[in-house]
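Presented below are the structures under discussion, each in the form of structure tokens.
The two complexes that follow have chain A in common; it is paired with chain B in the first and with chain C in the second.
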Partner chain A sequence: MFSLDLLLNALVAGILLGGFYAVVSLGISIAFGLLDIVNIAHPVFVMLGSYVAYILNAQLGFDPVLTGVLFAPVFYGLGLLLYQIYYASFERRGAESLRGLVFFFGILFVVEVSLLLAFGVDYRLVEASYIGESLRIGPVGIAYRLLVPCLIGMALTGALYLFLSRTFFGRAIQAVSQDAFALRLMGADPIRIKRLAFGIAIATASLAGALLIMIGPVEPAMNREYIGRVFAVAVLGGMGSVGGTLVAALILGIVESLTATFSGPSWSVAVSFGVLLLVLAVRPAGLFGR
Partner chain B sequence: MRRSRSCTFAWTVVSLLIAALLAAGAWPRSGGAAEPIKIGFGMALTGGLAANGKAALLAMQLWEADVNKKGGLLGRPVKLVYYDDQTKGATVPGIYTKLLDVDKVDFVVSGYGTNLIAPAMPIVMERKLVFPALFGLANNEKLNYRGYFQIMPAGPRPALDWTATYLEVATRQTPKPQTIAIVGADAEYPHNALAAMRENVKQFGLKTVYDSTYPPTTVDYTPIARSIKATNPDVVFVASYPPDTVGMVLAAHEVGLRPKMFGGGMVGLQFAALLTKLGPKLNGIVNYDFWVPEPTLNFSGINEFLKRYQARSAIEGVDPLGHYLPPWAYAYLQVLGQAIEGTKSLDQQKVAEYIHEKEHDTIIGKVKFGANGEWSTSRVLQVQFQGIDSVDIAQFHKPGRRVVVWPEKFKSGTVIYPYDKALK
Partner chain C sequence: MTVLVAGVVAARLGVNQYYYFAAYVVLQYIVLATAWNILGGYTGYVNFGTPAFFALGAYTAIVLIKSVKAPLAAQLVAGAAVAGVLGFAIGYLTLRLRGVFFSIATLALAVVLQTMFINWDYAGGARGITLARPAVGPLGASYVEFLFVVMLGLAVVAVATARWIEGSWIGRGLAAIRDNEEAAECMGVPTLRLKLVATTVSGVLMGLAGAPFPYYLTFVEPTSVFDLNYAVNSLAMPMIGGSTTWIGPVIGAVLLGTAQQVAMVTISSALNLLLVGLILVAFVILAPEGIVGLVQRLARRRGGGA
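Coming up: the complex of A and B.
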């Protein structure tokens, strides 16, 4: 069944899928990789982003991407608030490891049940003229509903990379992950820096959610399907490396797509996680981890 | 003297009135005579199957209200006792034990779905209970329990009969298809459906050119659709749950997968939430269903039921169409109710035998069970989406949008073949 057309299409589909995985995983990469906060509730905020996109699409006909961008500041504010509670209740007392994890589990269930009560258990989708349509470049077909998330994923990764490497706050976020005390000696407030970084991590969930509901239908409990996947991408990329997150997401996307095309889709996830284990065996800190 | 006569007359009138009231049954009876007949069940009110479970519960509550309005069963009111099984099989044994031992229900019926029916079977079998069941595929195949009755009209050989209907339609077309691709999710229902389809493919003399499953958590279905397209099958059979149904339909459109027939076993194409988003992309798909608003399926009471269900669907937050599961949830209680009335008894064995022997009039038509508790003949429909021109829900209330193309008895139109033609 092998043909060059199939190979090209599988590679392109893998890149598109990887771009989407990158958007979903960036928030985890920042929170888990740079701030040491095991925010297991991140996928449920992605789901929240999906439902916000759904409401504005169903009620006002808003494009999901526009909603994702518009609501990013709201999610940023939510992230600031959440970190403040987490800091005051756990981190300040040095109880962030296990109790912090339980806290985020609790947040996950509260948000999930709230979505259930508000929207019920039906699957929700959005409408946009480009969903279900595709672009053809020679033998390669590109589905718009996957192209848009991929482009946004790459743009967001680029923007975050520049922010973290070129701005004062960005460098401070990287510094806080290495030595918060040293950062304090430089006159910066590590708590404020962490709060800001956590806000950014949650803000990415607004966009990721809008892109998720563009790709397929969602329901409140679906967030759990993404927990393993987003942590795998963050770990494979190297904890806290934004560029590494994109590379890892692309690798997993391409492996999944190639396996689905040539060896049968039932193997795709297993092969992806096999690649993760293999990489970790050679590079325990991930591809770009230090 | 006159006063004494008036007094006697007054007492006589009062005595006669009391006697008349007692005879009419208006006076509260002593003992347990007015105790309700309790029907217990677990239902998926949260978790993966909750969208259907909640809709089924609403239908069952409508039946309860209807029966009580008519005076109940055997002169006693009916009361539904239910718990949320959370779509988890592990909760089911506990729920049914509590229903029987603590709530002391008179009858139990199943929750929704194969996985939630199976864990209740050992309990009902041990206690020799009559067990009407709601949409389980082949739950009684190996157990052969006499008290089991499946309302889903899959037929005496559930999985085989179900999937054969798709090939019945395909192999009657000209030119006759020669090759088939079968694909489905790695989950209980698709696995059963795919296994049965493999058997049927042999029977119908087709050649399988693609046969694969995919994880239910798959995000992108375009590589799967592309691989299928590369094998150039005449027919594509998809056994999927709602999220992958959407994924496969969109992917087929995006990669230009155009077999002669597409569909078969996709769960999700029965619900308004997905129908109103996929809109015209549904055209041409041939898929299973159990009831659609076509003139050939206009059974007594179905439209009145749907009118009442749809009026309450928005308040309850359930599927606004209610064509798929709710009528059957109403009907399986109708069967039980008719058997209780027919036998004038709450005896489990008598009720079970009555259900076996008789044909039952329900809102989904006449129901007759075979020896294994499945329908004596299959009534799985294959419908084709035709003339869908928008995402407006109103069109799905009307006939002519989901045309019945199988079986002959309920056929309401002709299949547009090949699939490509219906898309134009």
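Coming up: the complex of A and C.
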């Protein structure tokens, strides 16, 4: 039953969802796009962020966005630590990416099972004053729980773009992805820059997690659905292009939303995988890639 | 051959049935770990989607049992064939790309397949399906003991295949791919073809491991078949045992498998998964060549010390 109403709502939901996917994918865009680190554990850190937001919301009534921002420094530190281990074990030895991949898979697994042990398989959610409400514009309903993450997502994307293009560290990060050796010749320490970048990537997971649990209930195994989406967005957008990530996330959000509305929600993961394959087959550099 | 005979004798000993169940699981992991290693350890392509191939073997068997009451042999062949086709397909789609995209594809594959099976009511859908297992196997012992012997046979087949591949030109080509794919391509190694062989063989063996599963458990539902357990274990066992040779996965499977069976009975099963994860990370960081590598290093030090 094809109706304009349904289509419009699906489109709007897709755009809003896309804004959120951008937040989740920013971390991968930095880690994989700029630093060439295949951090498949990123979504599980997002889950960690969700659970942190959940605890603070359930025990202390904190607004999830507040928690996300508050804990970003903690996650940043976690990112620094993780990169240090990764660097000491793999990058320095120049070992094949096989072990790096397995390492992150191990981390993913440990975090997921820890969350499972701590919180069980039940879905958890947060309560905030604006979550149940929605805005109506004509035939279209815009739920606040989708709108807020989308807006914050776009704001974060903008902030990160400015950081990467205007500040010293941001430009250093871009430089290290282009030519680490040249950077060293210019007097900056590439390892320190990469560590900083990876820390930022994980810090975004804190906010992303808070937004995720705002959109809907979460449970630990959800991280696996996001791995496909996140890499699809990063590749479609073009490695390391923050603006590209946003555009790609919007596209993916819309395609997924349309599929979910007209063919059933269980196929949404297949959609992201399909998009990824399509991009890799047709234009591997992505939309805005170098 | 001797292993098989020993297995049959052990089966007739008539010990507590639980030991056969536990041993079956360990043997199953030997097959899965060896299968994974052909693609992972020999070729360097990480497959995160073991559950997909394993489940495909199991569900093919279920379909055959439900529709034509096929005997176990037919289930094995069919399960292996279907999983092999999947291996070939996924290889064909993604092996031209970087290794990391292959790995992500396998991850997505597992999730997609799980969704498909949840929605497929003929094979039980989300509720799962119960099957009647024949009471007595052809050797006169209970069917569980028969399955144990079958799995033992499969383990022997898997290890023999891995051993053969390792020593042949295929194995040497795969090792070249693992060390430096571009150089191998330049030297004339038919990388795509070899990778496809590895993926298909790996898929076939995993499907073989999955086919007896419905009879083993008599109740199959998507969540348990696609359990993260299989993905992690089939990865951890070769990495811990040693991924460059055929004996690594066997060591890893026996050690980790038995430890898990014991832990599952004594501690909770989720906790034992956590332990596996931690051990995996520790080994990947500290002992990347696994137990086999450690032993080799020790032998070298002792031999060349003087």
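Everything that follows uses one rule, which is that the second predicted complex is superposed on the first by the 256 of 290 C-alpha atoms of A that agree within 3 Å, B and C clash if a C-alpha of one lies under 4 Å from a C-alpha of the other, contacts with A are read in each partner's own complex, and residues count from 1 in each chain.
Criterion: contacts are C-beta pairs under 8 Å (C-beta built on N, C-alpha and C of every residue); 3 or more make two chains touch, one makes a residue touch a chain.
Remember, predicted model here, so these are calculated numbers, not experimental data.
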Partner chain(s) touched by A:Ile227 [first = chain B, second = chain C, both, neither]: second
Which of chain B and chain C A:Pro139 touches, first, second, both or neither: neither
Partner chain(s) touched by A:Val269 [first = chain B, second = chain C, both, neither]: both
First (chain B), second (chain C), both or neither touched by A:Val38: second
Touching partner for A:Gly61 - first (chain B), second (chain C), both, neither: neither
First, second, both or neither for A:Val102, with chain B first and chain C second: second
Which superposed partner A:Gly77 touches (first chain B, second chain C, both, neither): neither
Which superposed partner A:Gly158 touches (first chain B, second chain C, both, neither): neither
Set of chain A residues, in rising order, touched by both chain B and chain C: 116, 221, 225, 266, 269
Parts of chain A lying in touch with chain B, wherever the complex brings them together: 1, 3, 6, 9-10, 13, 16-17, 20, 116, 119-127, 131-134, 141, 143, 145-146, 215-217, 219, 221-222, 225, 229, 256-257, 260-262, 264-266, 268-269
Residue ranges of chain A touching chain C (in the complex, touch as defined): 38, 40, 85, 89, 95-99, 101-103, 105-107, 109-110, 112-114, 116-117, 221, 224-225, 227-228, 231, 235, 266-267, 269-270, 272-273, 276-277, 280, 284
In the complex, chain B residues that touch chain A: 46-48, 50-51, 54, 186, 212-215, 217-220, 222-224, 226-227, 230-231, 242-243, 246-247, 250-251, 253-256, 268, 271, 273-274, 277, 281, 317-319, 391
Sites on chain C touched by chain A in the complex: 40, 44-46, 48, 93-94, 97, 99-101, 103-105, 107-109, 111-112, 115, 118-119, 178, 228, 232, 235-236, 239, 270-271, 273-274, 276-278, 280-281, 284-285, 288
